[in-house]
Amino acid sequence: MYLKIPNHFINIIQAWIPILSLLTLATFSVGLYFALFNSPPDYLQGDSMRIMYVHVPAAWFALASYSFLSFSCIAWFVFRNPNFNLFAKSIAPIGAVFTIIALVTGSIWGKPTWGTWWAWDARLTSMLVLFFLYAAYIMTWQAIANKELAAKISATLGIIGFINIPIIKFSVDWWNTLHQPATISKLSAPSIHISMLTPLMIMTFAYLLFLITLFLIRFKIEILEQKISRAKNI
Amino acid sequence: MLFYNLIIRDLKLAFYSSTNFLLAASFLILILVLIPFVFNASPDSFTLLFSGFIWIAIALSILLTLDRVFNSDYEDGNLEIILISQFPIELIVCAKFISHWISNCIPIIIAIPIAGLLFNISLSDNLYIVVNIIAGSPGMVFIGAAISALTLGSKRASLYKTIIVIPLYIPFMIFGVNQESSLVLLGLSMISFIFSLFTSTYSLHLYAE
Amino acid sequence: MLFYNLIIRDLKLAFYSSTNFLLAASFLILILVLIPFVFNASPDSFTLLFSGFIWIAIALSILLTLDRVFNSDYEDGNLEIILISQFPIELIVCAKFISHWISNCIPIIIAIPIAGLLFNISLSDNLYIVVNIIAGSPGMVFIGAAISALTLGSKRASLYKTIIVIPLYIPFMIFGVNQESSLVLLGLSMISFIFSLFTSTYSLHLYAE
Amino acid sequence: MTNKLEINDLECIRNEKSIFQNLTFKVESSQTILITGKNGSGKTSLLRIIAGFIVNYKGEILFNSKKINDFNKLIADFKFVGQKNSLKENLTVQQNIELWQYLYQTTIDIDQITGPLNIKSFLDKDVSSLSDGQRKRVSLSRLTISQSKVWLLDEPLVYLDADKVKLLGSLIDKHNKDGGMTIYSSNTKNNLDYNKLINMDNYALL
Amino acid sequence: MTNKLEINDLECIRNEKSIFQNLTFKVESSQTILITGKNGSGKTSLLRIIAGFIVNYKGEILFNSKKINDFNKLIADFKFVGQKNSLKENLTVQQNIELWQYLYQTTIDIDQITGPLNIKSFLDKDVSSLSDGQRKRVSLSRLTISQSKVWLLDEPLVYLDADKVKLLGSLIDKHNKDGGMTIYSSNTKNNLDYNKLINMDNYALL
């Protein structure tokens, strides 16, 4: 019933971490060069729109991480393979950090464009709630000492929180909000100029690499921690 | 009549452990009494604030009494004997939901028109508020109960529970203050019923260990 | 260093029973999150409502955690061993007051400026609110603790306790939203300190039986 | 009709750790089983598994050759009294009994409940003002409400004085005579008769 | 130096009802007193009076010829362990011990606390996942923190297995050898030595 992850797998992860870290750094350098120097300023917003390259991928991956968390929880209930719970446990703090980045960069961006740091519209509020959901998930692991119980409770919570994801995603369509409706991530052709799309895509790729690197590090730690606690038990 | 008995049992318990029916209503009035003090606003705007405050008061009174749903029975061991009675857990959970709603929300619903009088709320507005509350408050009770079942064994942290519950109350709040949304609220209540039933049943199984 | 030890003990307890410091602050933010949804008002009037809501949030967070002051120690028997330690009861009570204020109100006080930012509150307004809260919240904690000591043995009724406490909070609310009243609040806190010290000491004696 | 409870090759796992294993025994109507063993050897866990609270076990539990699943209909045949006394501290004994009656759907005469363990004299006292032994007796009186075939008693003798142990003994005898069976755990040199003794130390993985 | 505890003509009143009266006895250093008696005869009440919790009594209690008032300085010389185990269920054993250390102002070595009742192996478990006997042992381990001359133990043997009763016995012996005294109540046929037995039935007004 326990980890089917052999020891050499940890070594593989171990080997990939530095490679991925370097790749992340490289992609970020390229992406930031494009974003800051090699792309045109927006005709309306001027240079302030360059925050987009930081904000948008962070927001996307904040949502993606939570979706991944929820699906891992569901998979755990279905297959009862504890690795799924470790996935969820590993991704949670990373997602929380991305959420904070999206919130902070969004706020910084909001000042020049909307004239305010923060507004109480549906997208922004539901994003704030997402942060609390991450926090609740993380806290549950700490609040319950019995491991089996903590696994079940936090997995339930992780699934419940998923309701918020479509709310964040579609809040801009359902309610009139200040926030930009989907311009890039539309199903049809994106309504954004190619000169902006390129740096955005590179940045998105950099974020993805960053996410994977962090995830592997966290996952490795979780596995080792579990090994320690099981060693204690025996 | 098994089900009925279980509800009566919970209502008796609520009643024995102090006259809760009056308490819940007084709580509403007390929260409303705070408004004029806390907001230096003109009496006209009270009217504007009224339904918002009613919703906040009802959310709070549910939050403040969540411990009564499962926690107290869990701590003193009564949950055990309920769980191995002949009732299916789902029914037990339903009964708990219903009795908690009755002992907590009905008094508030009755108190609302009286409170409305104090704040010069028109009869029709009052009626809308009451209808919305009737449609929405069950859902809030269900969700609160489910989360409190889920967190039964976690370190004594009423705040922690609250933090999970409040975000889930936001949809109720949004539609609650909108006079035309009673049907949406009813839908929300129904969805939360199903969700809460499963969550609670599952959690009670877990904590019976 | 006896007194200091007792405070540390309570703070440790608060900290062990989940990361309460973060919880209290998140609670404040979440309560504030409700405002825009419940009141269909323009963002401008949020500013008006802000300080009122801060006071309500602080009152609630105190109410919701009152159980931690004496109840939990009473129920598990820790109160007994505290009472027959070498400390005078008055000191014990003071330590409880202080540690509860620290673990509950300090995080909120720190969170207020951040929350203020989200609601576009000016820096000076924010400062006034913080000063008022610093002056008034200790008194609210004291009173809450005293009433919860007084009702230690009564039937488990969080609402009941609340209903006694809220009226006693009204003076704090009235002066709290008034920017020039910090001194009055300080006075109120001092008076409630004396009243609460006696009430709590007396009640603890009673319930030690 | 006689009933039969079979435990086959039971292994109990709590918090990812195996507590005991290879436990096999059988109980029939009119029998009393005593479970002893060191602290932490799994007496309480065993009783809670049989009662249906703990579902994380390996092996089989059969009641009248039917497998027991968690919290299913069969469960009404079991009654568990453990350390948590299932009493509301702030209600009177009478009110507590009333709450039980609702749960067990009976309107059984109050004397039949209060008689066996002699709790009549504090019927209208608050539970919080009872002594430990008195509280335990009230808690055990729940056994008299409604018929259930298997009594599972976790350390029922604790706090009871010698007289009250005898009262409990005759209550159990009466139950067994009516076709019931009783499994109880205890660590003291106690005074209750039993038909079979199970020493958990033989199975525990301490 | 030897200590002396005198109980003179004690009468205990609870809830306006007299529980026992005419109780007189004396304890000196190195002595162990066993208190027995029927349920409700006042064993717990007696211990709680001596500990200073119950102040509604008639008669005198002298410690080294000084009168004991409620919760005064003298009280630090007493340590009471009763049915409420003074444990935070959701904290680990270690955290609980740490909280006690703050209360008793000691930085005594952890081995000295965990050693006597052998609780070291579950130091980092949550109290909520201990068995009843393990919990009781943790609760009794509080005795080892800080010196106090009089130990008042209300039914300390409950839930303990025979080995652990012996461990408690040697802990008490050591305490008594160091000039302490111990008063404990029990209803079981127990294994602890005692110097004097007080049967509350002789004083109780049941």
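Going in written order, the chains are labelled A, B, C, D and E, and every chain counts its residues from 1.
Going forward, contacts are C-beta pairs under 8 Å (C-beta built on N, C-alpha and C of every residue); 3 or more make two chains touch, one makes a residue touch a chain.
Keep in mind the model is a prediction, meaning the values are calculated, not measured.
> Farthest chain from subunit D, going by the mean of C-alpha atoms per chain?
The most distant chain relative to subunit D turns out to be A.
> When all chain pairs are ranked by how many C-beta pairs they have in contact, which pair ranks first?
B-C
> Counting in whole Å, what is the centre-to-centre distance of subunit C and subunit D, each centre being its mean C-alpha position?
Here subunit C and subunit D have centroids separated by 44 Å.
> Measure off the straight-line distance from the CA centroid of subunit A to the CA centroid of subunit B, and report it in whole Å.
It comes to 34 Å between the two C-alpha centres.
> Just give me the whole-number Å value for how far the CA centre of subunit A lies from that of subunit E.
Distance between chain centres, rounded to whole Å: 56 Å.
> Can you list every residue of subunit C that touches 2 or more other chains, as numbers and ranges?
Within subunit C, the residues that touch at least two other chains are 16-18, 23, 26, 30, 33, 37, 72, 154-156.
> Residues of subunit A touching 2+ other chains?
In subunit A, the residues touching two or more other chains are 125, 129, 132, 135, 139, 143, 146.
> Two or more other chains touching the same residue: where does that happen in subunit D?
In subunit D, 14-15, 56, 90-91 touch at least two other chains.
> Once bound in the complex, which stretches of subunit C touch subunit E?
Against subunit E, the touching part of subunit C is residues 1-2, 5-6, 8-9, 12-13, 16-17, 72, 75-78, 80-86, 88-89, 205, 208-209.
> State the interface residues of subunit D toward subunit A in the complex, per the touch definition above.
Listed in rising order, the residues are 15-17, 56.
> Would you pull the subunit B residues touching subunit C in the complex into a rising list?
16-18, 20, 23-24, 26-27, 30-31, 33-34, 37-41, 48-49, 52-53, 55-56, 59-61, 63-65, 67-68, 72, 154-160, 162-163, 166-167, 169-170, 173-174, 176-178
> Contact residues on subunit E for subunit C in the complex?
On the subunit E side, the touching residues are 14, 48, 51-56, 70-71, 73, 75-76, 78-80, 82-91, 95, 98-100, 102-105, 142.
> Looking at the complex, which residues from subunit C come into contact with subunit A?
Those in contact with subunit A are residues 18-19, 22-23, 26, 29-30, 33, 35-37, 43, 46, 117-120.
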